[in-house]
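Please find one structure pasted underneath; my questions will follow.
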Amino acid sequence: MPFTEETRAKFAAVSTATLTTVLLKRGFRNVFISDLKLINPGAPRLVGPAYTLRYIPSREDLDHPGVFEDRGHPQRRAVEECPPGHVLVIDSRKDHRAASAGGILVARMYKRGVAGIVSDGGFRDSPDIAELPFPVYHVAPAAPTNLIRHHAMDLNVPIGCGDVPVYPGDIVVGDGEGVVIVPGEIAEAVADEAFEQTVFEDFVQEQVMGGRGIFGIYPPGPEAKAEFAAWRAARGR
Amino acid sequence: MPFTEETRAKFAAVSTATLTTVLLKRGFRNVFISDLKLINPGAPRLVGPAYTLRYIPSREDLDHPGVFEDRGHPQRRAVEECPPGHVLVIDSRKDHRAASAGGILVARMYKRGVAGIVSDGGFRDSPDIAELPFPVYHVAPAAPTNLIRHHAMDLNVPIGCGDVPVYPGDIVVGDGEGVVIVPGEIAEAVADEAFEQTVFEDFVQEQVMGGRGIFGIYPPGPEAKAEFAAWRAARGR
Amino acid sequence: MPFTEETRAKFAAVSTATLTTVLLKRGFRNVFISDLKLINPGAPRLVGPAYTLRYIPSREDLDHPGVFEDRGHPQRRAVEECPPGHVLVIDSRKDHRAASAGGILVARMYKRGVAGIVSDGGFRDSPDIAELPFPVYHVAPAAPTNLIRHHAMDLNVPIGCGDVPVYPGDIVVGDGEGVVIVPGEIAEAVADEAFEQTVFEDFVQEQVMGGRGIFGIYPPGPEAKAEFAAWRAARGR
Amino acid sequence: MPFTEETRAKFAAVSTATLTTVLLKRGFRNVFISDLKLINPGAPRLVGPAYTLRYIPSREDLDHPGVFEDRGHPQRRAVEECPPGHVLVIDSRKDHRAASAGGILVARMYKRGVAGIVSDGGFRDSPDIAELPFPVYHVAPAAPTNLIRHHAMDLNVPIGCGDVPVYPGDIVVGDGEGVVIVPGEIAEAVADEAFEQTVFEDFVQEQVMGGRGIFGIYPPGPEAKAEFAAWRAARGR
Amino acid sequence: MPFTEETRAKFAAVSTATLTTVLLKRGFRNVFISDLKLINPGAPRLVGPAYTLRYIPSREDLDHPGVFEDRGHPQRRAVEECPPGHVLVIDSRKDHRAASAGGILVARMYKRGVAGIVSDGGFRDSPDIAELPFPVYHVAPAAPTNLIRHHAMDLNVPIGCGDVPVYPGDIVVGDGEGVVIVPGEIAEAVADEAFEQTVFEDFVQEQVMGGRGIFGIYPPGPEAKAEFAAWRAARGR
Amino acid sequence: MPFTEETRAKFAAVSTATLTTVLLKRGFRNVFISDLKLINPGAPRLVGPAYTLRYIPSREDLDHPGVFEDRGHPQRRAVEECPPGHVLVIDSRKDHRAASAGGILVARMYKRGVAGIVSDGGFRDSPDIAELPFPVYHVAPAAPTNLIRHHAMDLNVPIGCGDVPVYPGDIVVGDGEGVVIVPGEIAEAVADEAFEQTVFEDFVQEQVMGGRGIFGIYPPGPEAKAEFAAWRAARGR
């Protein structure tokens, strides 16, 4: 299913919290990657199809600085091949004792138009990464170079990231709270429903901030549903 | 024992660090909830009697979105019934893989005059919560909806929160460092002693920042005690 | 080997990430202390030789508030004896349930010209510490007073800090990412090599931000090496 | 729904593994308490309705050896009041640093005809408990007396045990692998289905041990179903 | 390099401890999978080339009981295709909250002549597995069925198992202590050296049990080396 | 205070559980090392004064196989110098990813008359150690050689072992449950009191196994005290 700009815009307008609710209604309970931090809180919202990189533990004889001479090295290929508008999602086996990547590679992906990066490990040069207007999520800074713990194995295979399954083409959405993985097959429908849900929650939030209680409105009874319809019509949303 | 405004003001003027020292002198070693973060660092200080909510793990047949239709649902009752000036303390069993509550419920408690919220789990909509001038403490953001992990069981029973015992009516005090639970029976005396201790520490801090060493003053010898008395008198504290 | 101002300046100009790469080339894989946070992100860079303090678990009969009357207490001696320009590194056994030290002691070390403090536990009064232009690293705030968990045992013996070996005189370098321990014997050579590596990475970063790909430049082929030589000459670096 | 001897016998004849499969088919994913060990591997199978005890963290002033003088102390009441044939399930908040109970109390429950005990903490006097023909499950031995960490709060309320919800009257089933909680409302149906499933798996196991491959039989195709029917009829099961 | 019966026999005669020493001398520091338990302590020694199975986290729509109807399901293929004499090594992402496999599949692999099974998760039906004369290693029993956490993704690709890299064809050796992964390329040389080292350690152990001190013999000085040569000659080893 | 054979015998006759109760009455809450396993369950009881060994994390340049040539190496000195009748207690920083020691060194200590060994890490050659009639406690088997993680630093200094303080000369007592550290200064009094307490608990256990309830006897009322006195007199204990 093509990932349209309209769908991208809807995902960028809804929260990861709302997405988890919409996905639960469809039976998905394990979609939020816990314990991630957004390195640059001022970055634009993260939205895009997943392009994956799988790490396994490194081995001293195979993982030495010389490996980066090889243009076929999967980490370096990921940096140059992850399509613009996509999100690089890295399976670092929840190990942030060495870096998933560093500032130069991140900068290159930013310049290439990649939509953002997510790892369940850590990035090095995180202070530099924090300067880019580019959403990068990790668990904690990790100065040690990649090779100390990680061996880049595969590109664009299904992976786990922070205990959540990620299939290439799944839609990755991040906000100030963290990252949700939306199965690619249902992304458009989920975006639509989440967008609708967000309009309603904006209405409720406005009511609550105006002093109203939650009973009868959250969840809404018939009266609140009518009020919401009127509110929405008045605002053209 | 009534919780007076004077006692509240004293707690708001002392640090959680000082409170742990005062409590240790009375034999209490386990009063600080570790690993909490204050979502909005710009919020006012957290002080108030504890009102508790106990979660147990959720079960698929009992915990579905329909449960919130019931006005007797303990989470929703907590939101509407936690008395103004009190602090809602939630036993989330140190599990932040799903939310203890979300932005709309938090906003409602803020509007109702609740003093703040503490959970040893996580909140969803944390970026929205960060906009409110309202102290909310948790372990990490948790976008997934409550029902995925938590079942609201009881209101206002003694609980554990982050391995610390919390009895209804205990005084909850938070600052930029975290949250301390003061047994309700001794709250006034603890507030008084901590307030006194703070005046002394302000004196020491001023001396140290002026270049003085710690020996003889921290802890104070007879000479430093006299100096402190004079310093205090001069400032009318 | 004397620790010169020139070496200090070089360390202050390179990142902890670059240092881990230089150290890996010399066979050192375990030099970065993971999971540390810098309390005051606005503090100057941390550089200096290690002066160590070893804690063991406290015991109720030995560790009571009265111990601080003793000027020979190792924690208090550390505060007054850690040489100016050195870094106090504390082995807190990765336990941040009680404080490694508090605001007054930290302020005293700052005033005495100590270069900074690192603990694999936590500090209390962390909001006050955040006000000082002084680099202090820990795992998480810890309001409970020291005695609840820690007994100060030794000064300036080799220790572990966050699973990394630290020998007195090793060079401690911190940035926004965390802290690296450089074996003292090779500190000057490491500083030199890291400084050179940094110039090259600045060149690469500039190229990448200008839109260039990483192949052929990172790592550099013969052409990129020539370009870099010219770039460097032009900038007098 | 009454818990019949027939249902008890069926539960005693099926494995916890089979029960998790039957429960998954009904939508229950979180029914097995991980990381438990059976103290006496030679004990009879554990089956019985849950009777619960809830601990919260202890507090130094409330939890001292004198509390056991009080016959209303919930831990002591649990020992004398847990009905024969029931299983005492203890919410120890996954903390095995102090005991959930000790050998004398366990012996008393054994003598009273309690069916067994489960805690997500630890028991003390575990070598003595290992001598009783009585199923007791915990995470690890815990010599320190209860009061150091635990305060007995409530009897027979819904609890969490090892992240699994446990309601009074749920059926607790244990084997050499661990403990499963079966919702009380569906216990009879689950026992029936698990019993049937076990007959089939006995058939498959016999076939596999005879050298047959798993395809076509596990899961069974039409032919294997017919073979199974014949096998079963021949054995009168 | 072919894996000969002679090499297999040597591996079966040396301990995992000795293998880690031999591998460290060749620069390999990360070869032992920690925290594994051997389910049947009476099983024969585990030795064989690795055949791998990679799991990722399961997803509710893709992982339901019906998937096992498909003979192409990677878990079921692993059971029928892992070559005799090989060891199935499973990447379960260190998650033992659901089973890596169960008793019937393990029995089938035993019957097919597989050399053994290793998972960094857990097996279900572990009491049945303990009855087979077949070496199976896991972290802890896991009754819940596979699908609750695991999705079988790939066969015979490089994986991580318990933070250790495992490449197809690496030699897997297990004893009562745990499991070591020997890189396939150097397996023969490692087996030879470990076998030699074991003869020497048998000599030392005999000396020590006879009352001799370790100095001069462990490590050996020139005199002990001569003694060892004589001891060895006398025994024809 | 000399450690007499009579005191040793009393410690060998009481459980670690009873010792924690006696120590709690004297204000000691942190005396039991959690998560230890006894490698040889058939070994004699562990009792003796602590002789300590402190490890720090290893460093690649300092910790290579050649270090064992040096007879001054603290690990090797510990093996030859730990006094007969004493217990070697090792601070392994709770890291069992590499061995605290191996079978040959353990055998040597056994032969030298050392009373036993305790580490909060792991031992290698644990299957061999399990053959010795010698009490050795650790967290889990650890095949990798010591040098990969540990550097032996000091002999007989105060240490932490599993978060418990251990001072040279403290009395170390182990049973099937784990290990307790008794401060040396009060060892004799603690042994006496624990011995008395054990006689009483034997009485209670006998009563309970005879069918009596716990109320009035555990803790004992006046009547039970009289009964106990008679019971004791009758048995000459």
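Each chain gets a letter, A, B, C, D, E and F, in the order it is written, and its residues are counted from 1.
FYI, a contact is a pair of C-beta atoms (placed from the backbone, for glycine too) under 8 Å apart; a residue touches a chain by one contact, two chains touch by 3 or more.
Just so it is clear, the model here is predicted, and its values are computed rather than measured.
> Please state, in steps, how far subunit F lies from subunit D along the shortest route of touching chains.
1
> Among the remaining chains, which ones contact both subunit A and subunit B?
Intersection of subunit A and subunit B contact lists gives C.
> Report the chain whose mean Cα position is at the greatest distance from that of subunit A.
Between subunit A and every other chain, the largest centroid distance is to F.
> For the homomeric pair subunit D and subunit E, should the interface be classed as same or different, according to whether the shared residue numbers exceed half of all numbers used?
different
> From the centre of subunit D, which chain's CA centre is farthest?
If we average the C-alpha coordinates per chain, C ends up farthest from subunit D.
> Work out which of A-E, C-F or A-B repeats the contact pattern of D-F, with more than half of the residue-numbered contact pairs in common.
Looking at which residue pairs coincide with D-F, the repeat is A-B.
> When contacts are scored as defined above, which chain pair ends up with more C-beta pairs, A-C or C-F?
Ranking A-C and C-F by C-beta contacts puts A-C first.
> Whole-Å distance, subunit C centre to subunit D centre, using C-alpha means?
Roughly 50 Å, centre to centre.
> Nearest whole angstrom, what separates the Cα centre of subunit B from the Cα centre of subunit C?
Spacing between the chain centres: roughly 32 Å.
> In subunit C, which residues are in touch with two or more of the other chains?
Within subunit C, residues 29 contact more than one other chain.
> For the protein chains shown, what form does their contact graph take: line, ring, star, complete or other?
Chain contacts: none of line, ring, star or complete; other.
> Judged by the touch rule stated earlier, which pairs of chains are there in contact?
A-B, A-C, A-E, B-C, B-D, C-F, D-E, D-F, E-F
> For subunit F, which residues count as touching subunit C in their complex?
27-30, 56-61, 93, 95, 151, 153-154, 157-160, 163-165, 183
> So in the complex, the part of subunit D that touches subunit F is made up of which residues?
Going through subunit D, the ones touching subunit F are 65, 68-69, 71, 76, 79-80, 96-97, 99, 102-105, 107-108, 111, 124-128, 130, 140-145, 147-148.
> Quick check: in the complex, which residue numbers of subunit C touch subunit A?
15-17, 19-21, 24-25, 29, 31-32, 34-35, 175-178, 180, 201, 204-205, 208-209, 211, 213-215, 218-219
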